[in-house]
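Read from first to last, the chains carry the letters A, B and C; within each, the first residue is number 1.
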Amino acid sequence: MRQDPSPDSGAIWPGFSAPALQSQSAFRTVMLALSEPGKVREATERVNAPDPLNPVAAMVLLTLCDVDTSVWLDAEMRAHRELSDFIRFHTGSTIVESPSRAQFAFVSSSRRVPDLKNFAQGSDSYPDRSTTLIVQTEALTNDAGTLLQGPGIETSIRLGIAPLSDTFWDCVRSNHRQFPRGVDVIFCTNTHLAGLPRSTRLASGA
Amino acid sequence: MYVAVKGGETAIANAHRLFAARRRGDTSVPGLQLEQIVGQLAFAVARVMSEGSLYDRELAALAIRQAGGDLIEAIFLVRAYRTTLPRFGYSEPIATDRMRAARRISATYKDLPGGQLLGPTFDYSHRLIDFSYDPDAGPDEPALAAHGVASDLPRVTDLLGADGLMEADPLAGSDMVGDLTRDPLELPAARDLRLQNLSRGDEGFLLALGYSTQRGYARTHPFAGEIRIGEVELEFDAPEFGFAVTIGTIEVTECQMINQFKGSAKVPPQFTRGYGLVFGQSERKAMSMALVDRALRWREFDEEPGAPAQDEEFVLSHSDNIQASGFVEHLKLPHYVDFQAELELLRKMHAEIAANASSAQTSAREAAE
Amino acid sequence: MSLSEISEQPAGYNFAYLDEQTKRMIRRAILKAIAIPGYQVPFASREMPMPYGWGTGGIQVTASIIGPDDVLKVIDQGADDTTNAVSIRNFFARTAGVAMTSRAEEATIIQTRHRIPETPLHTGQILVYQVPIPEPLRFLEPRETETRKMHALSEYGLMHVKLYEDIARHGHIATTYAYPVMVEDRYVMDPSPTPKFDNPKMHMSPALQLFGAGREKRIYAVPPHTKVVSLDFEDHPFSVQEWPDTQCAMCGAEGVYFDEVLLDDRGGRMFVCSDTDYCERRQAEGHFGHLHASGGAGAAAPENR
């Protein structure tokens, strides 16, 4: 078992203990989450990190971010100095002020997801130059929720996210409308995750 | 009974053993030592370092020996090794005006500050095979100037620039340069990436393109303003120190071409630049690179495009001999699936033509009856 | 580092050869590719210890996704024992130590050159294609600067003109492999030089399909259950290769993709399954073709024309 540093020790929290193997396993989970949108799956390589970053969001951070990436944090995350230190130490990522310059954006709660328009959307020629959002949430379920369709989904799938900002699904609708431009979202609870790439659309009537 | 595709594993192992034996040659002859390659095949080593994008003479020698003297194969070995190396940081730009030059010539001035320094060169030698050359007899002691190597050599382009006759160095002052080994090349590319691509590019390819500009395909009126070869210090600015420290020296060849002048309503006419820089001693490559660099700058000077050497996408996409040789040689791999696909279509078309011909015959007969 | 250390290093390479930073870069590209099906994501392809054009793109993709629990199958021309497939399998055996198989249904990752297995793939499997020229428009317009605009505008008239010219000249669309497909009604995509015979297998496949082009520095993807439609015309609908009245000389299979083997210089030939795993399995189940060593029990008439 890994010992977390006590809050006042001033030490940096550890990251992956076996980076090559853990990041592989973690990436596989993230890749499957985006290739089968909406489907809730367990994340096995969870990482304890300073508040308010949850263990699955921390796993995604350590798996995808490094010295070549830019990271944006919402106000709640930015307020925790220890978290910024953790990100800088483990990834070397540049923490940027402007969401439109971020390759990865971390949102502390699905209750307050910013308008997706604020982030990098990519261009028609380079739609890949867009932000991936990692949004922390409390609960994900496929038993109820919004009906989704698109590549990666055999017929349709329900995704319930709680809590959730009122405007979120409207944002998803307009995000998908500008395909291939747009952002991709990964929702993370303390244990599970689900992907919502720009290619996913709301089933008609949903 | 069907064995055509079986036994791949054994065949590969045997082929490698056979190659190893062929590479070693007659075992009663002493094997090549790295010092012999580094010391006596320095031009081969320089090319492998340049196009391998890694300055390490012994490693290049190791690769040349392992490749049995096939330089593109040796470059490939070095590239594949280079890609696994961690990157600690970026050096300061090298100061070629402070080069300890072994050779420095200018074709544009009879004499100039620092002087003409012919140095070690093939030039003016008669290309007669020396049947009496004895590698074990020491060479005659070379006559060196009393002051040793020159190290205060103002650049010809700077001397011209002081008179306002040379365009300002368009890259001066830009502190960050791209790296096409870390980011995919995006077209059109800026000059820093073009120069990196050319410096790694195949010498033969650049030579042919450079030559083509001289023959009129994007003529740029080049003068060899200056070619210098020598050692420069490599400085590294480590954040821990707060100042740059010298971490070693490397030998480079630099060529500054002075080309066709260009002016505008605002700026009086000035000569323009073509630049070449490679590891080790390789004047042919540095000069070719400078010619192609200048040709690729046609947009900056509102020149008429259309020649091969001006075609950025064409030049940059085909200059790399590792990419080129890999793809050309991949034709050796089995393609029988694709070939069968073509055969199937061809046979179907033949069958249709035959069927049409026979039905035409039948209907002609019927019409005649 | 001394020279002797350098020359004795293979043991010192990272799991699956690539360093972690390179893997992260490739992984980020793979995620974008999955989010934008059919779009070619540029990536900083590394120089691999095998030549460009010999599968470096597929190898980099596989190296970035593979883990110790994976079971890998590598095929070239449909066969597990072709020389380059053997070479790539050895590379991963040495650098990742993963389990290998030739059975399509047992594999979690299948790296392929030029074929899609005959055995239907299932959910959870990943098919990694080696791609030489990822740009489907390359032979119509060699310039990346131009083709990028066409993809941006979804302007594919040039492709349709080319296919139609084929029909006018030959009576057929003359493209028999690397036959262009439309992904989710948005991007025209090169399926890699698989025969068009395999195109229908890409449509709504339950497997994740990843494409790696090392020399050309592009990664693209087709997620599971994604629309992949071969381009065609109403009056010239897409069709796949057929070998009428032909059965595999080894296993008697019909309606599969065949390799043609010349037997002599007088026109003697036989056809065998290009997919060696599929063929061996049928033989194990007791299906034999007319030239099988068993004497061709249950086989149809010999095919020697």
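Operating definition for what follows: contacts are C-beta pairs under 8 Å (C-beta built on N, C-alpha and C of every residue); 3 or more make two chains touch, one makes a residue touch a chain.
All figures in this text were calculated on a predicted structure; none of them were measured in a lab.
Novice: Which one chain sits nearest the middle, judging by mean Cα positions?
Specialist: Located nearest the centre of all protein C-alpha atoms is chain C.
Novice: For subunit A, which other chain has the most distant CA centre?
Specialist: Comparing chain centres, B lies farthest from subunit A.
Novice: How many angstrom between the C-alpha centroids of subunit C and subunit A?
Specialist: 32
Novice: Need the CA-centroid distance for the pair subunit A / subunit B, whole Å please.
Specialist: Going by mean C-alpha positions, subunit A sits 43 Å from subunit B.
Novice: What parts of subunit A, by residue number, touch at least two of the other chains?
Specialist: Only 68 qualify.
Novice: If you look at subunit C, which of its residues touch at least two other chains?
Specialist: Within subunit C, the residues that touch at least two other chains are 42.
Novice: What are the residues of subunit B that contact at least two other chains?
Specialist: 182
Novice: Which subunit C residues qualify as touching subunit A in the complex?
Specialist: Subunit C residues touching subunit A: 14-16, 20-21, 23-25, 27-37, 39, 41-42, 64-68, 148-149, 151-153, 184, 186-187, 206, 208, 221-227.
Novice: Give every residue of subunit C touching subunit B within the complex, in rising order.
Specialist: For subunit C paired with subunit B, touching residues are 3, 6-7, 13, 19, 42-49, 51-54, 56, 76-79, 81-87, 90, 113-115, 132, 142-145, 170-172, 174, 176-178, 193-197, 215, 217, 241-243, 249-250, 257-261, 272, 274, 276, 291, 293.
Novice: In the complex formed with subunit C, which residues of subunit A make contact?
Specialist: So the residues of subunit A touching subunit C come out as 19-21, 23-25, 27-28, 30-32, 34-36, 63-69, 103, 123-128, 130, 132, 151-154, 179-180, 184, 197-199.
Novice: If we count contacts the way the header does, which residues on subunit B are in touch with subunit C in the complex?
Specialist: Contact set of subunit B toward subunit C: 1-2, 4-9, 11-12, 34, 58-59, 62, 76, 79-84, 86, 181-188, 313, 317, 322-323, 325-330, 333-338, 340-345, 348-349, 352.
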